[in-house]
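In the two complexes below, chain A is the common chain; its partner is chain B in one and chain C in the other.
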Partner chain A sequence: MIEIDNLRVFYGAGSDRFEAVRGVTLSIRRGETYGLVGESGSGKSSVLNAIAGRHTDWTGHIRINASSVGPARRSRAEKAMLQIVFQDPYGAIHPKHTVGASIAEPLEIHRRPDREKAVERLLERVGLPPQFRYRFPHQISGGQRQRVSIARALALEAPILLLDEPTSALDVSVQSEVLNLLQDLKEERDLTYLMVSHDMAVVAHMCDRIGVMQGGDLIEEASREQLISGNLEQPYSQELREAALGLA
Partner chain B sequence: MTDMTNAILSLRDLRVSFSSMGRVSEAVRGVSFDIGNEKLGLIGESGSGKSMTGRAVMRLLPSAARVTAERMQFQGRDLLQLPEPEMRAVRGHEIAMILQDPKFSLNPVMNVGDQIIETCRIHLKLSRRDARSRAMELLEKVHIRDAERVMPLYPHEVSGGMGQRIMIAMMIVARPSLIVADEPTSALDVSVRGQVLRILDELRAEQPTGLLFISHDLNLVRRFCDRVLIMYAGRIVEALPADRLDDAEHPYTRGLLEALPRLDRPRKRLAVLKRDPAWMEG
Partner chain C sequence: MTGLIDTGGQSLHDWLIDEDIKSRRQALAQRWYFGLRHLLSSPIAVLGLVIVVALVLAAAFAPLLATHNPYRQDLGRALLAPSSAHWMGTDELGRDVWSRLVYGSRTTLYITMLVTVLVAPVGFLIGALAGFIGGWLDTVLMRLTDIFLAFPSLVLALAFSAALGPGIENAVLAIALTIWPPVARLARAETLTVRNSDYVASARLQGASTLRILWRHLVPVCLPSIIVRLTLNMASVILTAAGLGFLGLGAQPPLAEWGAMAAAGRQYLIDAWWLTTFPGLAILLVSMAFNLLGDGLRDMLDPRKG
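Then we have the complex of A and B:
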């Protein structure tokens, strides 16, 4: 569903040009949940942003649903293939738009019909009451805001969701609700997830496979079983795993 | 509970309330604990009152907050009755605080060397030259090896982990006997987190120090602390040894543990916490 070949991502220009991702190759099957883990500066979010088309200074090949996308501006059909859910739901939703308007926005941009009904259905699907469409982001809790972000990401029925630390800003009890919702949606709609996270425990819970990033390189790929049993090759991957266990 | 005679800080029935537009809301509703020479974890979710409790001990709450306690005794002194100038001497000197993000705790327009030197001069009444060499020692103590290179840097030029170690260096200038650490490692990468925790352990090994470790991270507190208090809606609902956290009995603590994804106990589906209004009262 997502194939990346020798992806290199750059920031800055001239002598300040910095290579944040240094040749990453990976592929994610349809219906799979793939977790990219690493610390700040490892390049995990840069990979996600290149796939999403948010960052254009990259080389290599990215194929989404078997068709190549380039760094240049994408067509509407290409954009409708994937959606992102961000870490901070307050920053991701317009503070002066109502919840309903935020969810309807992608539908308007893509000129989809029956938007009123669609917003209603989406709210219901993410477990929010219908009257929430008239609320503003500051009038709802962080967990509810993240549900709104998810509803918005689902609006175009994109088959791929890119999840950038989707629960890092949430309390444990709220995190479990959001992770459960994401799991249900995936099964129901046969979605493909790419999840970026620093938390190995969350990744082990959600993902079928993981890739560990360090300093712009993909240093190891492992299955969920390997991650749980600790059967990892790289010492750095082990270190991340132990930190998630609370050791360190 | 720690024996009263060994307690560095003893709190009974701490309450913090705010009144606005004629309505009083209580953020901390009767918190009691003793902390001795130990690592005491205070766990709670946002809004539970855990940070408010830490700040009340430092007397760093906004003036709108009303703080009362039956007892708030630190090394034999009643912190609530202490006049502000004396409290200022306690703060930073005998009770120190580390916060989550060093970016907001350090002065952004002063290089880090000068900030540590200033702290040494104020607390230890040292000359500038002595303060400088003391600052270098302190930086080495928090494992910053190239102190000469780090001293002229400004806070925005150092990493989060480095910033947090600089904060700790400043905090230990005066050898506090109580450290209030409010999410000290939450903004740090895991590899750096371990380092900061080890430094805290090393400091405690040098002299008896109570560490009040405020956190939302159950896995971390389970491994790092000696005892844990669980806070919910302004009250402590359960207290137990950290290594027995999994034996917790209170339904809220149980609920949190069930909701937590764990590498060592994988499960198909996470439990969702169902809040019971009765927890508000116990």
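Then we have the complex of A and C:
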């Protein structure tokens, strides 16, 4: 579903030009949840932003659903292929738009019919009561906002969701609810997830495969079983796993 | 009141504070209601609001409030002191000062409204485009803004006014030309803070056009501070208009305009103090009211608050 070949991502210009991702190659199958883990600055978010088309200064090849996308502007159809769920639910929804308006926006942009009903269905699907569509973001909780973000990401029925630390800004008690919702949606709609996280526990719960990033390189790929049993090759990956388990 | 709005059987107040919002109209009404309550909780802002409302009412009902025809001259009754017949006395041509003051509120309101309507969209568009698109466009637009900002606004307005010729429309244009740069700066600053926000990124990923982002995402964020800024600027607009009128470049006789009235009375300052005092007081009062209201609106519309 997503194939990345020798992706290099740059920031800055001239002598300040900095290579944040140094040649990452990976591929994600349809219906798979792939977790990218690593500490801040490891380049995992840069990979996600390059795939999403949010950051354009990159070289290499990215193929989404077997068609190649470049760093330049993407067509509407290409944009409808994937959506992001952002880390910070407070910053991801426009503070002056009602919940309903936020969810309806992608539908308006793509001129989909029956938007009122679609918004209702989406709210129901993410477990929010229908009256919530008239609320403003400051009138609902963080977990509820993240559900709104998810509903908005689902609106275009994109087959791929990019999850940028979707639970790290949430309470522990709310985290698992949101993760379970994502898990259910994935099975129900045959979605493909690319999840970026620094939390090994979340990744182990959600992902079929993981890639460990360090300093802009993808240093190891492992299956969920390997992660759970601790059968990892790189000492850095082990370190991350133990830190998550509280052993370090 | 409840007859006007369908509140679903609730009293209007309950409907306005109910957390279980049932319609888009209710959501909007609640926003306005809470905003208004906040504004009314500050006595200073209420004072400003009352004076501004009084100005609007005076302009609307000028024929009812005026005791005389503001343009009828009667040289036999020139320079009369305030009395029960002429509440604020008469001017050098025997015109009733109170009536001219009331009609002058129309001129003042006309100028302030027109300047606002001209400046708000132009300032927003220039600032938002500079901030959102960036690059050379940003540099060009902001240097242009700097050039306008480099001149004291009254001097600039004087220059434009002199070039365009006297008259109230030209005065409005001249004032608008001096007022837009701070608005553009403000719009640019607000745009820069939200340009990289996740919600704008999300709209772009969904395929939103630049125009849509400007209109749907940036306008709601920039509008409150632009409104506040323009309200606070109203005082200087009124003063500049009065200044231009005073110098003979703004409103032309016989149109009643406070600045021009004060200027005309200057020659009789010793003998007929009421000619300059009352228009002066009106200018002071209205400028102050706009400032107070602006302060209140700033507290109410503060974007850094919920």
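Throughout what follows, the second predicted complex is superposed on the first by the 248 of 248 C-alpha atoms of A that agree within 3 Å, B and C clash if a C-alpha of one lies under 4 Å from a C-alpha of the other, contacts with A are read in each partner's own complex, and residues count from 1 in each chain.
We take it that a residue touches a chain if its C-beta (ideal position, glycine included) is under 8 Å from a C-beta of that chain, and two chains touch if they have at least 3 such contacts.
Just so it is clear, the model here is predicted, and its values are computed rather than measured.
For the composite obtained by overlaying on chain A, chain B and chain C can both be accommodated side by side without a clash. By the touch criterion defined above, A:S40 reaches chain B but does not reach chain C.
Of the two partner chains, neither chain B nor chain C is touched by A:N6. Judged by the touch definition given at the top, the superposed model places A:S68 against neither chain B nor chain C.
When the shared chain is aligned, chain B comes close enough to touch A:L227, but chain C does not. When the two structures are aligned on the shared chain, A:S27 is found in touch with neither chain B nor chain C. Measuring from the middle, so to speak, at the Cα centre of chain A, the directions to chain B and chain C differ by 80 degrees in steps of 10. Here the smallest spacing between CA atoms of chain B and those of chain C, following superposition, is 13 Å. Taken together, the chain A residues at the contact with chain C in this complex read 52-54, 76, 79-80, 82-84, 86-88, 91-98, 100, 102, 105-106, 109-110, 131, 134-136, 138-139, 152, 156. Taken in their complex, chain A has these residues touching chain B: 39-40, 142, 171-173, 175-177, 179-180, 183, 198-202, 204-206, 224, 227-228, 239-241, 243-248. Chain B contributes residues 45-46, 160, 189-191, 193-194, 197, 216-224, 255-256, 259-264, 266-267, 269-273 to its touches with chain A in the complex. On the side of chain C, the complex with chain A involves touching residues 19-24, 26-27, 31, 197-199, 201-208, 212, 216-217, 220-221, 306.
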